[in-house]
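The data blocks that follow each hold one structure.
Look for subunit A in each of the two complexes below; its partner is subunit B in the first and subunit C in the second.
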Partner chain A sequence: MNDAAERKLAISHMWVAFAAFIVACLLGEYQVIERSGFFPALDSNSVYFASVSTHGVLMAFVLTTFFIMGFGYYIATTTLKQPVWNKQLAWIGFWVALTGVVLAAIPLLTGKASVLYTFYPPIVAHASFYIGATLLVVGSWVWCVIMLVMFSQWKKANPGQAVPLAMFATAANAMLWLWTSAGVALEVLFQLIPLSLGWIDTIDPGLARTLFAWTLHPIVYFWLIPAYTAYYVFVPKQAGGYLFSEEMARLAFIVLAVFALPIGFHHLYMDPEQAKGWKLLHAIGTFVVALPTLVTGFTVIASLEIAGRLRGGKGLFGWIGKLPWTNPMTLAVILSLLMLIFGGFGGIVNASYAMNAMVHNTAWVSGHFHLIFAGTTIIMYFAIAYYLWPLLVGKPLFSRTMALVQLWTWFIGMTILTTPWHVLGLLGQPRRISSVVYNNLLTLSWKPYELMMIFGGLILLGSACALIYNLVKTQLAPTTENFSEQIEFAEPLRPVTALPEHLNDLKLWNKIIAVLMAISFGYPILQFFFMETFGSNGWGY
Partner chain B sequence: MDQITDEERKQILESPPVGTFALMTTVIGGMVVAWLFLYYGIFLPRG
Partner chain C sequence: MQSDSPKPTTKECLLGLCASLRTIHIDPLEKKWITFSLLIIGLFVGIITLDALFHGVNPPSKVETIDSARLHLSEEFAEDKLGVSVDGAGNVIVRMVAGRYAFMPKHISVPAGTPLTFRWVSMDVLHGVHIPMTNMSTMIVPGYVAEVTTTFPTPGEYPLICNEYCGLGHNHMWSNISVVAKENWSALATVKGGSNNE
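Right after this comes the complex of A and B.
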């Protein structure tokens, strides 16, 4: 099949993603320097919060959404072996999303949208920011529709056959994202845009935070599912083995998609607008969603164990040393899993209803989500890029050695950045501060950790530049006639012959999500319309 | 990469992933210990 159009579609999305990424990395390094207070000339609250808002939006919304869309289009066309359904619509989605990014970037860069990526009201941004964010989400909905149409069409044309695992995961992610983004869409459309345009005078922050909590946790799984997809469908093959169990992989994706959604109140443990019973319900759900991550960890490590033993590894752990550590995908998954262990532990502490009070709104939280997002997840985006770029541009990777160095330095930099961040949280440093304007023994004890974070950030910035350089050089290299690599997906250890329909379809799970969301968010949202609440004036730029 | 015989290959593919069980047990055990340390060593003493 000639998939040139699909490759162009995929790489266009991915370039937007990585362009956002490199800008965000620069801003991130500025922020750790500014916050440290070591360079008084850089001190500026307004620039800091404009920067941290832009950094968050670029990393959490632009890098992820565009990368996931590009990855999804290529996965759909290569696994289903058919062209992307309605490519014209896909390009419309791309341009709508990109227009949204530009619209949002203008107020962000001019200090008129310093509302952080969580944009909690009553802080309010210029309307252009919210309209831009909405267009980005609308563009991503186009992608969701295309993925689900392709999934359904393929199932109809191939009755009784198992949908390829990578496509099953991508479709599950599209379904998850439609549910996930609905919460923030309601907040933006009915609260933030009317407020920013002056159509309403006040806003109910409790309702807004509840709607954002709907989005805030499952969005992490929207980002994470492509990384898990690579764990399952690329890693075992690249390591020289087999996928330990495809059924467990499908189950993990389903449980992730279902239980990621009704649990967002662990972000509101300290908020007054929701009762403790609802928070406890969401806390229990939060621990349930740890299970598919454990299943994923087990299945992927078992797949690596098979690969290591097939390569001659002996004993309980001898297979680890036999793995192909010089393969970027294999190296990335090992580093990703290491960061997942520590990030996952931090997440369990956050989710612990009582102990959350110790770390709530401290630097610990920033350390945690950087370890999970920028560590576990993004390092797999790099590995996917290194694997797919040669296939997308039809040329070999410019430098495999540089890719390996880049992955190691990202891991080292992220460790040096996030470890002090966690410690600072336990030492009481609040998150979302631009500076410390007083000196006492407590705040002075933060200084060595701030210094370490600057050093970690510098390593990360260098690593990010190496990634972009490698991808640009790969794309700009002269065309080689004899490049014939094809995408390769892992084979399961035991071929999938008879698959239960519910492990091959999403309809039932979609209904279960609807029920769970009605239970966990129905009354908590409706209560704002039953009881008397008081709005707040917006304030901001 | 060491060469393995067909018999060894068959045995590997049919054996349970004992290394993974050991690794996962260690990791989960470590997490429990670390959580207990934070709970009893830092959280409760802070009142």
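Right after this comes the complex of A and C.
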């Protein structure tokens, strides 16, 4: 099959993603330097918060959404062995999303939208920021529709056959994202855009925060699922072994998609507008969603062990040394899992209901999500890029050594950045401050950690540059005639013979999500219409 | 799993789901791991739930609304009512207003080893407040009263820090709180129900 059009579609999305990424990395390093206060000439509240807002939007919304879309298109066409359905529509989605990014970037970069990527009403940004963010989401909905149409068309054409695992995960992610984005879409369409355009005078920040919390947890799994997909479908093969259990992989994706949604109130533990019973319900759900991650850890490590033993590893730990550490995908998964262990530990602290009071809105939280998102998740995006770039451009990777150095330095840099960040949080430092001006001795203990973070950020910036350089050099290399690599998916240890229909379909799970969402968000949203509430008018910043 | 009847009921659907999930092959070792994982999760959830239900360990969650634009006209949060007071039942209540970029009153003294009920309101945008090394932490959402009850065991000077982005001057939003030994504090709280602004 000639998939040149699909490859162009995928790589266009991914270049937008990585362009956003490198800009955001530069901003990140500026932020740790400004925040430390070691360079008084750099101190500027307005530049700092414009930078933080842009950094957050580029990393969390642009890098992720475009990467996931590009990855999904290529996974769909390679696993289902058919062209992307309605490529014209896919390109429309791309341009709508890109237009949205530009519309949001203009106010962000000119300091007209310094409201951070989490919006924080009743502070109001320029309307163009909200409209741009909406278009980005609308573009991603186009992707969701295409993924789900291809999924169901293939199922119809191949009755009784198992949908390839990678496509199953991608379709589950598309379903997850449609549910996830609904919360923030309601907030932006009915509250933020009307307020910013002056159509309404007041909004209820309590309702806005509840709607945002709907989105805020599952969006993390939207970002994470491509990384987990690589864990399951690329890693075992690249390491030289087999996937330990395909059924458990499917089950993990399903539980992730279903239980990621009804648990967003762990972002509202410290909020006054929701009652404790609802918070406790969401807390329990938050612990349940740890299960698929624990299962994933087991399955992936078991798959790695199979590979290590097939390569001659002996004894309890001997297989670890025998793994192909010079294969970027294998190295990335090891580093990713290491960061997942520590990040997951911190996440359990955050999730622990009333205990959250000790770390809420402190630097600990920024440390936590950088470890899980920028560490665990993004390092797999790198590995996917190193694996797919040669296939997408039809040329070998420019430098595998540089890729390995890049992955190691990203891991080291992230460790140096996030460890002091966690400590600062425990020492009481709030997140989202541009300088430390508190007249208190406690703040003296913060200084050495802020210095460490500057070095962590520098290593990360260098690492990010190496990634972009490697990808550009790969693409610009002269065409070679004899490049014939094909995408390879891992095979399960035990071939899947009889797959229960529910592990091959999403309809029932979609209904279960609807019920769970009605239970966990129904009353908490409706209460704002039943009780006497007082709206807030918009504020500048 | 194909059902013969054209419209299976919800119960049939769920039974079918359970039946089909039982047919999945799961490696015995993985079964052990899943059991172990469920036990760990059960332990955490159990501790949290028991603490919440029987020891009252909950995050601040009193859903109480207030008009943030009219605080100065309200019974409770008018300027002369702010700060530390002792109510008729002897409970120490701390009423605080958060606004860009300060907590009002600017400085308060509270007794150590005594349950304190903080009542926080915002007069403008979203704020958050925490006192490092304590579990006094809450979001302050305009339109709502955030109520936290806690006890500070150790006397000392603590910063009181805004931890939610509220505008470009956000990092300048802080004040200090003195936690003084109980016996020394009683002298300060001269007027029953009066304020303790310094």
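In this section, the second predicted complex is superposed on the first by the 537 of 541 C-alpha atoms of A that agree within 3 Å, B and C clash if a C-alpha of one lies under 4 Å from a C-alpha of the other, contacts with A are read in each partner's own complex, and residues count from 1 in each chain.
We take it that a contact is a pair of C-beta atoms (placed from the backbone, for glycine too) under 8 Å apart; a residue touches a chain by one contact, two chains touch by 3 or more.
On a predicted model such as this, the values are computed, not experimentally measured, just so you know.
Q: Touch check for A:M358: first (subunit B), second (subunit C), both, or neither?
A: A:M358 sits against subunit B and subunit C alike.
Q: Touching A:Y242 in the superposition: subunit B (first), subunit C (second), both, neither?
A: Once the two structures are laid over each other on A, A:Y242 reaches subunit B alone.
Q: Looking at A:V349, would you say it contacts subunit B, subunit C, both, or neither? Reply first, second, both or neither.
A: In the superposition, A:V349 touches subunit B alone.
Q: Let me test your reading of the model: by the given contact rule, A:A275 touches which partner, first (subunit B), second (subunit C), both or neither?
A: The second partner, subunit C, only.
Q: Quick check for you: in the superposed arrangement, does A:L476 touch first (subunit B), second (subunit C), both or neither?
A: Touch partners of A:L476: none, neither subunit B nor subunit C.
Q: If you stack the two complexes on chain A, which partner ends up touching A:G312: first (subunit B), second (subunit C), both, or neither?
A: first
Q: Check whether A:K322 is in contact with subunit B, with subunit C, with both or with neither, and answer first, second, both or neither.
A: A:K322 sits against subunit B, while subunit C stays out of touch.
Q: I'd like to know which partner A:A514 touches here: subunit B for first, subunit C for second, both or neither.
A: After superposing on A, A:A514 lies clear of both subunit B and subunit C.
Q: First (subunit B), second (subunit C), both or neither: which does A:V436 touch?
A: second
Q: Determine, for the superposed model, which of the two partners subunit B and subunit C contacts more residues of subunit A.
A: C
Q: So subunit A touches subunit B in one structure and subunit C in the other; where do those two contact lists coincide?
A: Comparing the two interfaces on subunit A, one with subunit B and one with subunit C, the shared residues are 244, 294, 298, 302, 348, 352, 354, 358.
Q: For the complex, give me every residue of subunit A touching subunit B.
A: 240, 242, 244, 294, 297-298, 301-302, 305-306, 308-312, 315-317, 319-320, 322, 341, 344-345, 348-349, 352, 354-355, 358, 426, 493
Q: Which residues, counting only subunit A, touch subunit C once they are in their complex?
A: 45-46, 49, 114-116, 120-123, 204-206, 209, 244-245, 247-248, 251, 268-276, 279-280, 283-284, 287-288, 290-291, 294-295, 298-299, 302, 348, 352-354, 356-358, 360-362, 427-440, 442-443, 494, 498, 500-503, 508, 527, 531-537, 539-541
Q: For subunit B, which residues are in contact with subunit A within the complex?
A: Per the stated touch rule, the residues are 1-4, 9, 12-13, 17-20, 22-24, 27-28, 31, 34-35, 38-39, 42-43, 46.
Q: Under the touch definition given earlier, write down the residues of subunit C that touch subunit A in their complex.
A: For subunit C paired with subunit A, touching residues are 1-2, 13, 16-17, 20-21, 23-27, 29-30, 33-34, 37-38, 41, 44-45, 48-49, 51-52, 57-69, 124-126, 128, 130, 132-133, 135-147, 157, 159, 161-172, 174, 176.
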